[in-house]
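One chain, chain A, appears in both complexes that follow, with chain B as partner in the first and chain C in the second.
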Partner chain A sequence: MSLAQALLTGDPGYLPSRREEAWRWTDLRGLIRVLPPPAPAFCGDLPLASFAAPFPTEEVVIVDGQGPTGLDIPAGETRRISLRLINAAAGAGHVGRVRVSLEAGARAVLLQTHEALAGGYVGETQIDISLGDGARLERLVLADDREDAVSVTISDVRLARGAVFNDAVLTTGARRQRLETRLTHAAGESEARLLGLYRLAGRRHADLTSLIEHESPGSASDQLVKGTVDGQSRAVFQGRILVRPGADRTDARMGHHALVLSDTAEVDAKPELEIYADDVSCAHGNTVGTLDDEALFYLRQRGMSEARARAFLTEAYVSAVLDGITDQDLQTVARAWLAREAAP
Partner chain B sequence: MPATSKTAAQVLELERYKHGFITDIDQDVAPRGLTEETVRFISAKKDEPDWMLAWRLEAFARWRALEEPNWARVDYPPIDYQDIHYYAAPRAGEGPKSLDEVDPELLATYAKLGIPLSEQAVLAGVEGAPRYAVDAVFDSVSVVTTFKAELAAVGVIFCPMSEAIREHGDLVRQYLGSVVPVSDNYFACLNSAVFSDGSFVYVPPGVRCPMELSTYFRINAEKSGQFERTLIIADRGSYVSYLEGCTAPMRDENQLHAAVVELVALDDAEIKYSTVQNWYPGDAEGRGGIYNFVTKRADCRGARSKVSWTQVETGSAVTWKYPSCVLRGDHSTGEFYSIAITNNRQQADTGTKMIHLGAHTRSRIISKGISAGRSSSTYRGLVSAHPKAKGARNFTQCDSLLIGPHAAAHTTPYVEARNSGAQFEHEATTTRLSEEQLFYARQRGLTQEEAVQLLVNGFVKDVLQELPMEFAVEAQKLVAISLEGSVG
Partner chain C sequence: MTALLEVRNLSARVADTQILSNLSLSLPAGEVHAIMGPNGAGKSTLSHVLTGKPGYEVTGGEARLDDQDLLALEPEARASRGVFLSFQYPVEIPGVPALTFLRTALNAQKKARGEAEVSAPDFLKLVRAKAAGLKMDFDMLKRALNVGFSGGEKKRMEILQMAVLAPRLAILDETDSGLDIDALRIVAEGVNALRAPDRSMLVITHYQRLLDYIRPDRVHVLAGGRIVASGGPELALDLEREGYDRFVDLAA
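After this line comes the complex of A and B, so read on.
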C-alpha cells in the first residue's frame, strides 16, 4: 500500500489507511475518494527559489516528478547542490524518484526545497540517498506545501562505513503531509543526525516518520524533533530505532517535544525502540505541553503584547533544533525560514 | 533422553520453579471443546440465573465473529480453542462449609504454595505481620474464602464471583462488563462467554477495608484453560488493597489463561491492585508454559478517585497484558508500576493505557523490563488526553535492561494529546548491566550471580517499594530466581 502505487494505477484501494499501523494517524484512504489525473508536462518559466542557497551552487529541478533521475558525486569531490522539487500543475497527481549518491570520501551540502506554484496536488517523491565509505552529506529540507495539498516524501538513506549524514527537515504541513526517512547504518562506525521542526496552524497536518536501522556495530544516531501545533492542526511523530542482532556499541538517542497552542490542535507520537543487541545505549524522550504561563506573564509585564510574547517563546522553543545544523549557509537559510514562519 | 537424566533435568527444573508440582485430585471436567453447550454447562454448574446465561451466550456469539489479534510482538503457534477443557473443578458434594470440609489434598497444595488458608495463620516467620483475607481459586472454582465474616461486619463483600452472581445479583448486573465491555477484545470476549470463577469485592461508602484482600489462582488440570473474572467496586470514599498471585504445574503443553479484571472507583475511592504473576514459564527450551492473555482495566469513575496497578511479571511463556485506567472523574489519578522479567524463551508484551477524559487527571507510569536468555520483552503503552481533559498530566518512565547478547527489549509508547492544557512527559532507556558496577560488586567479593542480582534489584527498586511489604520480600526473591542461569 502506498500513495505512489495508488497514483500509478489510479486505484484508491492502494491508498494507505488508518487500519495500517504505520498510517494510523495519517489516513489517506478516508481523505481521497478519487485520484487526480496525472500532471501534464510542464512548460513555462520557473520562478526563482524563495530560499535560494546563498552560495555558488548547481541546481537540480524536478517539476511534478519529472526531471533528472540521479545525482552522482565522485569520490573525493565536494559539491553544494540545490534540489528543487516543484509542484506546478493544479489538482494533478505525480510520482517522482531521484537518486543522490556520494562515492567514498565525497562531501556535499544539499538544500532541498519543496515548492508549490499551484494548489490541490497529490504527489509522492522518493529520494534514494547513498553515502560511500567516509562520505559526508548535510541536507536541509524546506517542505513548503500548499494547505490543500497531499504530499508524501520518502528519503531512503544508506550509510557505508564511517559515513556521516546530517539532516534537518523544516515543515509547515499540508492537508496531509508525510515526510518519511528510512536510514540504515549498513557497515558500521557511521553517524546520523536527524533534526525536525514543524510549525502547524489552520487545518494543516504533518507526519514526521522515521526508521533508523542499526545493522552493524559502532554507529550512532541522534534525533531531535520539535514543533508547535495551533488552530485545528495535527502533528504526528513516529520514530523507530531498530538495533539488529550484532549491532553492538550502538548509541542511539531520540527526542520529540511538542507544544500544543490551541484546544483543537492535536499531537500524536510514537517513539519506538526495538533492540536485539545487548551492548547498546539507547534512549528516547517525548514531551507534550503548552507555553509556560509564568514566562508569558513575565514577558507581558515587560510590555510585550500577548501575541508577540507567544511568538517569542515558541520561536525560542523550536529554534534549538537549528543549532544542530553545522553548515553555516544552511543554518542561515533555516533561520530565515523560521523567521518568516514566526512573523506574527 | 535416558530416563535417569530426564528425571535429573526435571528435578533441576523443579528447583527453579518450585510451584511446578501437580496435585492429584478427583476432578469434574467439562468435555474438551467450545460450543454453546459448553457455555450452558458452565452456567448450569454455577447454578446461575437466566440473565447471566443470556449474557454469556451473547458474548459467545460475538466471540465467534471476532479474530484473534496479532499486533503484539509475540509469536506462538495457533491455539486450538476446541482442544481445551473450559471447566475443571475439584469434585465436591455440597461445597465446603468450613475449612475442615475442604479436601485435604487441596489444603496441602496451598500449604505447599505458602498460602495461609487458615484464618489463624499468619505469614511464616513474620511476627506481627498484617492479616490478609484469601480467596483461593483452583482451576475453575473458588475453593475457600477466608475472613468473610469479619469483612462482612464492616459491610465489605469478598466472595467468589459465582457466589456474587447468586447472592448479589443486582450489584454484579450493574457493574459487570461496564469497564471491559463484552466484545472489548478477542480474549475478553472469550472470557465473558466461559469465565468460571474469580473474586468479587464490594467496599461500601466510607469504609477502609480492614485487611489486605488477595486471590490466589492455581491452574492444575491438564489441557485446561483458566478464565477467571474479577470485579472490584470501591464505593464513595472507600479504600481497598488487593493482591493476586498465580502459579501452575510444569507441563510440556501450553495452557491458556484469559482473565478479565474490572475495577470501579467512585468518588474519592481508592483501589490498590497488586499482582505477582508467576505462572509456569516453560522450560529453558521454550516447551510448555502458560499463555497469559489478560484484560485488566480500571474505571476511575468518580471525582478524585485513584487506582494504582503494581505488577511483578516473572512467569508465563507468553504474556499479553495491559492494565489500564480510564480517568473519567475530574481530578482522578491512575498509576502503573511494573516489573517484567523474561528469561530463556519467554515473551512478554505488556504495558498500560492511561486515558485522560476528566479535567486535572493525573497519571504516572514506571515500567522496568529485564530480558535475559533468548527472551523478548516489550513495553507497549498509550497515554491520551481528550479535549475535555484540561490540565491532564502524565509522567512515564520505561527502562529496559538486557542481559546477554540474544535477549531483546522493545519500547512502543503511544501518546495522543488533544488539548493545550495537557502535559505529558515520557522517557525511556535501554542498556545492559554496567560492566563497571558489576566489576565493583565482584571486587567486593560477590559472585557474578550475586552481583547481577544486586544490580537488578537496584534497577527495579522503584516498583518493588510500591508492593505491600511482605510481598515485596517475596517478589525480590522471585526476581532473583527468574534470572537464575542467565549469567555465565
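After this line comes the complex of A and C, so read on.
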C-alpha cells in the first residue's frame, strides 16, 4: 500500500488507510475518493529559487516528478547542491524518484526545497540517499506545500562505515503531508542527526515519521523534532529506533516536543525504542504543552502586544532545533524560513 | 496637583478570594515609597493589579497614572505609558538572547508611543553603558534570557531592563528576595541611580534590609488588603523591631 502505487495504477484501493498502524493518523484512503490525472509534461518558465540567495550551488530541478534521476558525487569531491522539487500542475498527480549518492569520502551540502506553483496536487517523491565510507552529507529540507495538497516524501538513507548525515526538515504541512525518513546504519561507526521543525496553522497536517535502524556496531543517532500547532491543525510524530542484534555500542537519542496553541489543534506522538543489542545507550523524551502564561505576561509587561509575545515565544521554542545545523549558509536559510513563518 | 500614581479605594480578587479591600495610595512624582507587610497581605497582588496581570478581577476603586485611568489598559499599553514591574520571579526564556528580547521590548514601547525605533548601534551603546553601571558582564546578555542565571543575575537583569526602558513608574516586587548582601548592594545602587524627578518607585518588600540601601521617602504598611499605616523611613525600623502583629490586628 502506498500513495505511489495508487497514483501509478489509478486505483484508490492501494491508498494507505488508518487501518494500517503506520498510517493511522495520516489516512489517505478516507481522504481521496478519486485519484487525480497524471501531471502533463511541464512547459514554461520556472521562478528563481526563493531561498537560493545566500547559497551558491549547482541546481537540480524536478518538476512534477520529472527530471534528472540521480546525483552522483564522486569519491573525495565536495559539492553544494540545490535540489528543487516543484509541483507545477494544478490538481494533478505525480510520482517521482531521485537518487543522491556520495561515494567514499565525498562531501555535500544539499538544500532541498519543496515548492508549489499551483494547488491541489497529489504527489509522492522518494529520495534514495546513500553515503559511502566516510562520506558527509548535510541536508536542509524546506517543505512549502499548498494547504490543499497531498504530499508524501520518503527519504531512504543508507550510511556506510564512518559516514555522517546531518538532516533538518522544516515544514508548514499541507492538507495531508508525510515526510518520512528511513535511515540505516549499515556498516558501523556512522553518525546521523535528524532535526525536524513544524509550524502548523489552519487545517494543515504534517506527519514526521522515521525509522532509524542500527544494523552495525558503534553508530550514533540523534533526533530532535519540535513544533507548534495552531487553529485546527494536526501534527503527527512517529519515531522508531530499532537496534538490531549485533549493533552493540549504539548511541541513540530521540526527542519530540510540541506546543499546542489552540484548543482545536492536535498532536499525536508515538516514540518507540526497540533494542536487541548490548552496551547500548538510548534515551527518548516526548512532551506536549502550551504557552506559559507567566512568560506571556512577562513579555506583555515589557511592552509587547499579546500577538507579538505569542509569536516571540513560539519562535523561541522551536528555534533551538536550528542550532543543530552546522553549515552556516543552511543555518541562515533555515532562520530566514522560520522568521518568515513567525511574522505576525 | 495630582500625584504620579493615585490609587483610590482599590479592591480586587482572585477567583473567589478578596485580596485588596479599599486600598488607597498616593505616590508623587520623584518619590520612592516602600510597601511593607506580612506574607499574604496582598503586596504582590497590588503589583499584579497595577500592571494588568490576567487572573485578577478589580471589584472597585481606581488607579490613575498621570491622571489617566490605568486599569482599563492592556498590560502592554501600561508598559508603554511607563509602568515597569521588576518581577519577584523573573521568567526564563530559552532560545531568546537577552539583548534581542530587550531591544524588541524597547522598540515595541517606542512604536506604541509613536517614537522612532532605536537603531542597533545606538541600542548596543545604551545597553553597554547601563550594564557597566550594574557590573554586568556584557557577554551574559548574549545568552538566553535568564536561563541558567543565578538569583542575583536575574535581579540585576531586571534592573538593567528598567534602566533601558526608563519607566515613569517602577514597581519592585520583592527585589531583595534571593539576594546575598553583595548582590543586594549592587541592585540597590542600580535602583538609586535611576531616581529622577519625573520617576516614581514602589518598593515592595517583606524585610527592612533592602530599605537600608534604597531609602524610601515614605513607608506604607499593607495588611489585610489595605494600607493600615503610613509614615517616614523610621516606620520601617519600627516594623523590623516590633513585627507586623499590631498592624495585622489593625487590619482585622
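Quick note on the criterion: the second predicted complex is superposed on the first by the 343 of 344 C-alpha atoms of A that agree within 3 Å, B and C clash if a C-alpha of one lies under 4 Å from a C-alpha of the other, contacts with A are read in each partner's own complex, and residues count from 1 in each chain.
FYI, a residue touches a chain if its C-beta (ideal position, glycine included) is under 8 Å from a C-beta of that chain, and two chains touch if they have at least 3 such contacts.
Remember, it's a predicted structure, so these values are computed and weren't measured experimentally.
J.: Could you look at A:21 and tell me whether it touches chain B, chain C, both or neither (first, second, both, neither)?
T.: Only chain B is touched by A:21; chain C is not.
J.: Have a look and say if chain B or chain C is in touch with more residues of chain A.
T.: B
J.: Touch check for A:72: first (chain B), second (chain C), both, or neither?
T.: Neither partner.
J.: In the superposed arrangement, which partner chain does A:11 touch: chain B (first), chain C (second), both, or neither?
T.: Neither partner.
J.: For A:312, select first, second, both or neither according to whether it touches chain B, chain C, the two together, or no partner.
T.: second
J.: Counting only touches as set out at the top, which of chain B and chain C does A:258 meet: first, second, both, neither?
T.: A:258 sits against chain B, while chain C stays out of touch.
J.: For A:300 in the superposed arrangement: first (chain B), second (chain C), both or neither?
T.: A:300: touches chain C, not chain B.
J.: Considering only touches as defined above, state whether A:270 meets chain B (first), chain C (second), both or neither.
T.: A:270 contacts chain B only, not chain C.
J.: Quick one: is A:287 in contact with chain B, with chain C, with both, or with neither? Answer first, second, both or neither.
T.: first
J.: Once the two structures are fitted together, what part of chain A is touched by chain B and by chain C alike?
T.: No residue sits in both footprints.
J.: Which chain A residues qualify as touching chain B in the complex?
T.: Chain A reaches chain B through residues 21, 245, 258, 260-290.
J.: For the complex, which residues does chain C have touching chain A?
T.: Residues 51-54, 74-76, 78-80, 84-85, 87, 89-91, 93-96, 101, 104-106, 108-109, 112, 161, 165.
J.: Within their complex, state which residues of chain B touch chain A.
T.: 71, 387, 400, 402-432
J.: Would you mind writing out the residues of chain A in touch with chain C in their complex?
T.: On the chain A side, the touching residues are 292-295, 297-306, 308-309, 312-313, 315-320.
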